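Structures for review follow.
One chain, chain A, links the two complexes that follow: it is found with chain B in the first and with chain C in the second.
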Partner chain A sequence: MAIVEHLASLLRKPIETSDEAGERSVSTQKTEDESGNTVIVAPPEFRFMYPEFLPDPAPETRNRLREKLERMDMLQRRSVIEIPEFYTGSIMAVTVADANSPNKFARFVGICIQRGGSGLRAWFILRNVVDKQGVEILYEMYCPLIQKIEVLRLERRLDESLLYLRDALPEYSTFPLNMEQERRLNNSVVPINPIKVKLRPRPWLERWERQNLQGVEDLNLPQRFYDKAEKVAKPWEKYDLMLHYRKTIPAEEQEKIFAEVHSQLQQQELKRKLRRRRGFDNEQ
Partner chain B sequence: MNQADLSKLVSALRIAVKPKPRLLSCPEGPAGRLKKLRATVTALVKYERIELNYPRADEAQGYAERLISDAIRNGDCHKHTMEMADYWLNEKQLVHKLFKVLVPRYQNYNSSFTRLVLGPKTYPGYYAGTAILELKGNPFPALQPENHNYHYWLHNVLLEEAKKEFRSAREERNAGTTESVTTES
Partner chain C sequence: MVSSLAVDITPSSKAFKLFFNHEQIRTMSRVKRRTTHPPYWHVLKNNQRDDEKISSDNLRFVREVIQDKYKNKSPIKGSDLGIEKTEWDPKTKRSGVIARNIGMQHMWEKDGKKIICTVLQVLDNHVIRYVPPEEYANSVIGAKMFKNRKPLGCLVVGAEATNPDRFTRQYCSLFNEVGLLPKKRLARFIVTPNAALPPCTPLTAGHFVIGQAVDVYGKTIDYGFQGVVKRWGFKGGPASHGATKFHRRGGTIGTGRDKARVWPGQKMPGHMGSERRFNRGLKIVRINMKYNIVYVKGTVPGPTNSIVQIFDTILPRRKFTEAPPHPTYFPPEDGTLPQEDIWDSSLHVFGSPSISV
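Right, the complex of A and B next:
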């Protein structure tokens, strides 16, 4: 009973206001609700920066209490370790605790080709080519074994999923394992890399001609492939409003979720910035 | 476990949305399903009250609500909303009706924009029965009679309390007389 009461009191807790604004463009937006009280609203970029905070839209598996508890646990984990902002196409380095390796840590550098999952089960896949062998590792973002996640190059690509790199020439997936973190010129905008990747000749793992990929060069296939793709395509899905609705979390719910977590995320970011600045000053 | 789609922002619908869509079988298959629903949504926007079979009405209600909520949220200068309105409304004058008549009508609504009322189910006939799908605020007389007696109205609250008082007073009186009866005997 005591546990249930404690959880109920958490749900009743009002949203905390934060007077500090981060250095980046992530700033608090205060809006007035009907009764005239200021309500903290997270900036709209949050849904791209922290997509794992949004739950899985399938109604069969939704459980509001579980989602709330997961968000609390996610924030707790984020206070211990820095999980930086990244997108598909960013080059990252992950250090994991490994009992069997000589250093007890295993570090892997790769390009993020896909990210998914929601809540504590959020994951991302890093791809690299090591000794002419393509290697992909799936990391769960909130796994306690992960010691450090660094984003060496923060950028986006023209597609949300870069699985076609498996069928591309190896040079597009090769990154040096001792790559250093690159300094960003413009801090507020994440650059989009408009690179068009060249694929190896067929056979491929998937029928890329059917997927409307923006980030690949012209596939140069015989016309019959494109004809079959047209025959098999579902052009009406573009207009299926209820299909889109069932795949998304409504905007009002998104706002509520991010209003809940954003003040804590901002405070964590600020503390990290101060720690970094202090560390820099101490070095000097 | 899938991540929610982030490409578009949608307003929450204020109707009960079933987890899986109905297939609405037809000779053209999945392509024909949207074609059928397009005709229904066009008719709903045109006539504001239509009678049809329940399953199709239920599906079309969702699409109509989505169309109107997108129009309210994004307005008529939004490219995607215009494309959707152009696709879903077969008659182009209804696109004007959507943005110029329906959007101002439903701007400040806190409830759903459509009402689905179950209609007559004649035997023998279609198993699921008929339904009447209408846009709220239409000029026709109401389908269901208005309830003119709510328990939370002041005079009803006072009457309920008066009844409770009367009953408790009567019980006390009865208890008093029975006690006196027992003491006498």
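Right, the complex of A and C next:
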């Protein structure tokens, strides 16, 4: 009983992300809507922790019923395997069933350089340098061949996409394949790694000077590159409200979606913690 | 001159295609591919009058009248069927179903292979009327269809019940006999007489069997007026190397000699899409009885949220060998609920453990 109470108190603690540090920190709360009925509201951090639950914003392909059925299937899969919270820049290990491997399982460790997709199509790319060869693997999060997803180091970087690691010095993408899971120092806040990566000399795969990257050291390019970047830039896009509106799901809908999945996700989290705690106690 | 040769190379012969390099199908060039108006025997459907200045009291009264007229009916049980219990035989043609294509979803097979499935929502289908074979053979379409064949019956099915305010009186009168709310969509399904259904019978996702093959009819995505590269897959011209204004054009449209004119059916820019197409032999991999959803392996003509029709397949090697729910599916009499989510045996169910090879 004491264990359950302790775990319940853990869940009541706010799990804010770095972006929301300083803002109001809310946990699961029951608010009242206009008619006075209690309505469960998921914490706002959910849209960063579980971004694949939000559908593709393109209106031509949207259908509420199909999205709801897809979310039910996603929760079913999540009840079997733990898909932890991770961000671009986190170091992860994925174990996949592979017929061609000697053990029939293949484990890969890497840094998450990009994540995307919505619903059951959600994916992420892990990058590592193995035997001086850069290797990137795209994993589909809900593929049933995946046996285990571990987050070895949970952290964020200054950019949402780390594709520039392909043009960076190899030491920035190298991680030991036998890396162990690191303990989180602060359970409530996801740390941001302010590292500035050094790129190799040109030619590069993309024109990094045009992309406003924060996590890259000074590129030291001739001035003509920066002039052309300015010419080609679209500084008015940050004022284009309709563009951003069309690219995102409105906040009211997001709240509805996460309220729907929230209680099930919490239950799954609780069960896993109990199982872990029980396993730990049994060992002792 | 052409027919005097030893090999027959008239445009309709097979040798024509072997002899000449171009493979354009010119015989269908004169057939009209799409219309924007309904057939002449259809009644006017949508309400043409503007919103009159009706007072709120009158509006409330109209709504009450509608509610009284179309009071909810209890679901039809199998025992209430007006016709005798008929036997299924391999030559039976069952009714089809009107559904909406609500999108696509990934699923995985038991060996880990990913498949793309189209999610089809079976709308609130009800049988409106049954036209027996002799009567249907006298109609315009029926006469054409059964010119030298034995005639079959026709089942008119409707879906998507709507407020009668939207439709004209003539259209609403089509549903007076049945006493149902007027349906937005109507479809005809050709059935053998032993698969006839009485009016007001509901058709649901249970009409289909897991693992069966279906044909889906729909209207393809409307691309509008399109150029020759997108419409016919022409290669166009070089993007650079000095090409002057020739990047996505068709090029030559004929020789100067043969016939000395442009042949009918020459591929040119024009309207693309919005055409009737069937995707045949699609396998049903999952049925959700609670939400009336059918998951079909493969793609279906038409964009998301468009209406399609689903029938049992006509492909000879994928037809039924065992009797399906004939003439349609009825919930069990003793009130037991059917299994909510039925999966095909080849599919990996999401709640089951991860696959290990």
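Criterion: the second predicted complex is superposed on the first by the 257 of 284 C-alpha atoms of A that agree within 3 Å, B and C clash if a C-alpha of one lies under 4 Å from a C-alpha of the other, contacts with A are read in each partner's own complex, and residues count from 1 in each chain.
One rule holds in what follows: a contact is a pair of C-beta atoms (placed from the backbone, for glycine too) under 8 Å apart; a residue touches a chain by one contact, two chains touch by 3 or more.
These numbers were taken from a predicted model, which means no experiment stands behind them.
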| item | value |
| --- | --- |
| Simultaneous placement of chain C and chain B on chain A, clash or fit | clash |
| First (chain B), second (chain C), both or neither touched by A:I146 | second |
| First (chain B), second (chain C), both or neither touched by A:K234 | first |
| Partner chain(s) touched by A:G116 [first = chain B, second = chain C, both, neither] | first |
| Which of chain B and chain C A:E52 touches, first, second, both or neither | first |
| Touching partner for A:E60 - first (chain B), second (chain C), both, neither | both |
| Contacts of A:L205 with chain B and chain C, given as first, second, both or neither | neither |
| Touched partner set for A:S79, first chain B, second chain C, both or neither | second |
| Which of chain B and chain C A:E70 touches, first, second, both or neither | second |
| Touched partner set for A:P250, first chain B, second chain C, both or neither | first |
| Chain A residues contacted in one complex by chain B, in the other by chain C | 60, 121 |
| Chain A-facing residues of chain B, complex | 1-6, 8-13, 17, 19, 21, 30-31, 34, 59, 62-63, 66-67, 70, 73, 83-84, 87-88 |
| In the complex with chain B, residue positions of chain A that touch it | 47-48, 51-52, 54-60, 115-118, 121-122, 234, 236, 239-254 |
| Residue numbers on chain C that touch chain A, as the complex places them | 102-103, 105-106, 108, 112, 114, 119, 121, 288, 291, 293, 303-305, 348-357 |
| Chain C partner contacts - residues on chain A that touch it in the complex | 60-63, 65-66, 69-70, 73-74, 76-77, 79-81, 97-99, 104-105, 119-121, 140, 142-147 |
